[in-house]
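Labels run A, B, C, D and E following the written order; every chain starts at residue 1.
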């Protein structure tokens, strides 16, 4: 399957070409190039997926294929970075997800971004992102993943900061990059530790189940915790950063400063699930060598999910609501992985998580693109500036509704199936976990419909321009993604992606399904009551629970904590004193030595008095003293 | 015995007038005391049997150097004016240093010198001998220094005249 | 008689070309001629470095396993066993490439230098003589000589053509580096005399065994001596002031190449010749370099002058070089050399860009700039690329170097070393902080000063300089294997010597 | 100590006595050099110091090494050199007097520090 | 008596011949002939230098009163070249109306001091040595006071003669004690007779301070800056280079040849003196505004560096020393040459007067810069090599700490040398010194010095030649 290399190379070429020509070409040309390239690789990915899933199954297990692998940099004889392509069920699935969403976003952007300055730059960055993201998922070794992980981060930085004259966008981009960079430090150290003990980066070796690789980790521990836990925990920190897990989630809401299609692509569908993908990729290690870390991941995921869902209920910026919703949903995926075991029925959480990743990518992209369509129409992100848009934007309305139903977990939309699998895995793990996650599912339904009704129903806001339906280029992706969202639930996902790459038949757990659907329906009803028409309920609730409401609106002050740490502690209490120390202690010491010499020089000038007799006196004393010293010693 | 007495007289003259020479208030007195010291030194040379040296000492110092001094003093001094000494502090410091130096050197010399008190018998140094060794080129003969010092004398004369003459 | 001219080895061309440049400059009298001479000379050097690299690689491919290639040796001062001996291995070749690139780009970056262009390029050529000579020498004496040759032109270059507190900075830089060389000279003499070698040739001395007690004295001296030039904490304070005041090309050459002399010397001389002491004393210097790495980065966060930021960043990055060297394993050492190369290129790029921006805005304070991306897109994009290289973006050279260092260092069996490595790793986050802060402040956002609306983007000669550097950075970053391989195999003899 | 005294008075004159005289002379000269203000006085002190050295040479020659006349000649040449020195010094002092109308050494302070 | 053996002293006789000829020429030549006085003198001196530049085999004259070893030829040649350079630089000064009348005296006195140094260098007996020393220093005093109506010059002369006489009387007292404890004044005999008794040690110290005075080591240096400042610049350069160069060489020879047995005593003494000299002189130098004073302190610290070579007491040290003197001569004379050109034209010697010199006099400032860099020991100039060799010689004997201290001091010295360079190149001035067109002889001298600075280091032949002979010492 050598042609898969093209999937990587084409977007890179597209980036280079678009980046170098810069503003020499007409914007349309650039957009077309980008989109066509994406179209080609999407087709290639689909073909690859078809070929892989239909032809490369041996004894019921999908094989791992490495069609391409070159040594890029050699550290030691055993540690070398290869760049290559690894095809296995999850990477192939990711190829499909990424190319699809990316393709849709490219098309959508032709309409959405057409009037922006720097259109070529935008497409160049999109190509760069696609390239990096694809490189990430097909990585054959953990270090390749890290490389592309960083590249993804920087493309995200560039795209968030696309409106670079807008200070908030610049700040958001910086924040996103630095927070994820900080998390990547964990990832890097994790890789350091892991590779130190296993002497390899290669996923093939690491996940082969060969225990000899891990021989040296046995009994090795640092500060009472086994080295594998350290390694895997640190690697998870990297994943947590990219996937906006608590407490590293702060960058994601701000990242909504970027263009909306970017949010759809990067901050909803693809990049933010890289953390999930990372854990999934190393899942065999987590399960075998450090189940406690895996459980930790589950708890972190659950907490983040709850936390984000609560915040999502009170946000008024529609993109932020979606951002928190994304965080919450990724939490679901993390929980799915965290509660999973390996293989067969044990591994249902893994499968469910991947499934949810897939469906979520589609419907969340849809939601974002829909939101983009709305924003395009009303030129604002604020809910209060919207309302009653269903009349003006029918397609957007319907597709958005479909997506909301999917995320709320209403059958037969795709979200129902994937979420249900996660919930049942949770219940198997522990009833409390199941209950929590079900509750969060309910919250999800509530805030999504709050969003939906606030946008499309409710009181109509006075618009300066009459809102209108989006152009074809924007509508097409909406329709396409809506279709996928409706149908994706019926994919027999267990046949394709499971933790042990063997076949697994999904069967719905009807108790769990019923409960979750009931709760979802209740939540939706509540949302209908509160937000379909203007009502006083939300306000009353807000005043009743003013503390909670205020805290949630302010995202529980996590940003403030960060600002405190960065501005007050690092900037003012470390960096500033260090800079001061450098100038006034170290440098001053050096200057002080010079100053002292000068001082001495001035002080002893009296010796050179100009008086011959004094000279002779010193002369004589010198003679006598030297004689005495030599004679005595 | 006579030798001893002469020696002590000379020694006393030297010691006393040396000190007087460097402490006298008037410079002309100082010069006179110096003359006494130089003459007494010449006496010591005679005592040791170096007649030639005695003659040179008297000729050069008393005849030459002292004349120079007197001229210089007369040229530069208004008569009767006292020569100032340095501040007391410096005098004390100089005196103390000189005394310390004296003690120190005296100590070292006294304990390390070969103690001889008998003069070896020595024949008189005849003018012939002197002439020989002054104009010889072997070891212990001094033609070369003699020639070189003539250059020095010439240079000094040239230099001194250059400095001292008008224009 | 006239050894240098007499026994020409083609490596000596690296020194001879700048000498000829100087002679040419002496007789030149118009700016055109000066530009022609320097551009020709610098291009020749660049081409020559390419040729050397090619020859080196073919020679190695042909199976020549000598430690140094293209060696030549002529007795110079027989009574002191001083030889004029040259030779290169992969490390020196890498450094020669670096020097050539930076000398070349520096010429274009100071194309319109004013006043006294002739004198400027005279000193500039002298500086490059020092740099090249240092890298081709294998004799301790000539090494030291070239090292000092490189120091002195700095004073005049900064003092005359600099900006700001140039006289103070120039004096400080010169004196502190001179202090370093004072330590170094004692070290070199000690090495030579205690080893009992019959020549000052490195390879020869390496075969001797220096008594351990002597090593205890001379290793720290030598290491610190070179370390001062490598901006080792706490002897780094010349660097911020010096770089801030220096004219563009000088900052480039100084931060880009001259600071590398420090690392190269530490590795080639201090550690190579005194392995036992290096082993026993490494911990102390590791702590110092660790401080350098983190401290430099933190101090950079708070600066407001672009050059200061970059200077502190250099402290941090060069600290990493010494840090890696002290790990004493092949990978880390390879990483150190790569880092020298990479830092040289990107810091030169930074200084070139800062110089160009300063030439337009007449300020280097980030608080007084903003939104420059809009008016200076070429410089802006280049600055971002430099920044990304500096914070270690994959595909650019910084990443390759830093990762090699971190992974190499972490292979050390001592927990202490590994913990130090992790501390050093922190710097990459802090680097991101200050780089993005600068980029955000000066390039993005709204234009601060109305005058900046009408700035013009880079001219052709500025573009040559910037593009050359970017190409080099990308080339190393995206295809590191050949240069890494070349360096790695040359590091092996030194490291295996250390391991004994 | 009493030995010394009896020796001094009764026996032949010991070498130490001569050396003592010359030392006193020498350090008297030193004292004069350091303490007097007139340059001529300083020159007088110098004469004392040189003379002391001459005595040493002569005494050593006569007492310890009578075989050759080395000390003798040295003293002889030193006398000549002392004369030279004095001549030049006096010329210079007179020159100073012409410039400053004073021969006080303390006035030589144009150049210092 | 056979005086033919005296003819072996070719250097001395040829110089004496030049002297006598010049004296006669000065006295008897008419107004017209005197025009050519300087060129004739310089040509004769050059001929003298060239004739006497080849070393011969060692020999003795006058029963060991005069001892020749081949190395002395080099030292004397260095002194010759230095003297010629100084005289070239003084050319303009001596052609001034006020000085023309004293021109013959100037030459005669200069050459007689040079002759004194010759004898001092070649002496084999303390008497010869003492006479040589005095011949080198008493006429020097008249030279210092040469500009006799200049108060500074007169003062300097007085200071010099008083200090010199004081030093020589202590020295001669020391010699008397040496004689008293050994019974001979011949160097060859002394070498074995000096055994290290306290008296001998004291005598040695008393004696050697006379030389320390000439070399101007701290604390025997206090006269130096005043005298250097006061005397005419060309004489200052003569004092600082020629007189000092001869003295260091003699010191080394004496220490080895005569006081070899006292090595354990003199090494620590020199150690301390080197440290103190270098440091104190440097600390004083950083504050100086008058460039002549400045160079005086610089020369004191240079003397300290030379001690490093002496301390080593090895053949290597000897070679380094001679080489150092050679390089120091070129560097210092170049610096003084520039100084004298500027002082003669404008009378300016303050550092602040040199502000912006490069703008108006690029060549002069360039030469000055080379000279200062060479003095500071910066490659590729000769000063670097000479310093390195001196340090190397000391390090070879294990004096690492001393080398280290000396090296730390090079930082300080670099600082003050850079101050001058800063003034010339960096500082701007309201009224810089106007463009000076120096006359031909000065230009020759500066070219010679510059070539010396540039080439003496890079071409190893010169050092190697010196080193070959140093083993004979």
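In this section, contacts are C-beta pairs under 8 Å (C-beta built on N, C-alpha and C of every residue); 3 or more make two chains touch, one makes a residue touch a chain.
Just so we're clear, the structure is a prediction, and the values are computed from it rather than from any experiment.
Peer 1: Which chain is most central here if centres come from C-alpha coordinates alone?
Peer 2: It is chain C that sits nearest the middle.
Peer 1: Using mean Cα positions as chain centres, tell me which chain lies farthest from subunit E.
Peer 2: Farthest from subunit E by mean C-alpha position: A.
Peer 1: Taking each chain's centre as the mean of its C-alpha atoms, give the chain farthest from subunit B.
Peer 2: Chain centre farthest from subunit B's centre: A.
Peer 1: If I rank D-E and C-E by number of C-beta contact pairs, which comes first?
Peer 2: Pair with more contacting C-beta pairs, D-E versus C-E: D-E.
Peer 1: From the C-alpha centre of subunit A to that of subunit C, how far is it in Å?
Peer 2: That pair's centroid distance is 37 Å.
Peer 1: How far is the middle of subunit B from the middle of subunit C, if each middle is the mean of its Cα atoms, in Å?
Peer 2: 70
Peer 1: Go ahead and note the Å separation of the Cα centroids belonging to subunit B and subunit D.
Peer 2: For subunit B versus subunit D, the centre distance works out to 6 Å.
Peer 1: State, to the nearest whole Å, the distance from the C-alpha centre of subunit A to the C-alpha centre of subunit B.
Peer 2: A distance of 103 Å separates the two centres.
Peer 1: In subunit C, which residues are in touch with two or more of the other chains?
Peer 2: 175
Peer 1: Out of subunit D, which residues touch more than one other chain, so two or more?
Peer 2: 26, 29-30, 33-35, 42-43, 64, 70, 73, 77, 81, 84, 88, 91-93, 95, 105, 108, 110-113
Peer 1: Indicate the residues of subunit E shared as contacts by at least two other chains.
Peer 2: Within subunit E, the residues that touch at least two other chains are 127, 131, 134, 138-139, 141-142, 145, 148, 157-159, 162, 166, 170, 177, 180, 198, 202, 225-226, 287, 415.
Peer 1: Spell out all pairs of chains that touch, sorted by label.
Peer 2: All touching pairs, sorted by chain label, are A-B, A-C, A-D, A-E, B-D, B-E, C-E, D-E.
Peer 1: Give every residue of subunit A touching subunit B within the complex, in rising order.
Peer 2: Spelled out, the residues of subunit A in touch with subunit B are 613, 617, 620-621, 624, 627-628, 631.
Peer 1: Report the residues of subunit B in contact with subunit A in the complex, numbered from low to high.
Peer 2: Going by the criterion above, the answer is residues 86, 90, 93-94, 97, 100-101, 104, 108.
Peer 1: For subunit E, which residues are in contact with subunit D within the complex?
Peer 2: For subunit E paired with subunit D, touching residues are 126-127, 130-131, 134, 138-139, 141-142, 145, 148-149, 151-152, 154-159, 161-162, 165-166, 168-170, 172-173, 175-177, 179-180, 183-185, 225-226, 229-230, 287, 293.
Peer 1: Give every residue of subunit C touching subunit A within the complex, in rising order.
Peer 2: That would be residues 172, 175-176, 233-234, 236-238, 240-241, 295, 298-299, 301-303, 330-331, 371, 373-374, 377, 388, 391-395, 399-400, 403-404, 406-408, 410-411, 415, 418, 421-422, 425-426, 428-429, 432-433, 436-437, 440, 443-446, 480-481, 484-485, 488 of subunit C.
Peer 1: Tell me, which parts of subunit D touch subunit A in their complex?
Peer 2: 30, 33-35, 42, 105-106, 108-113
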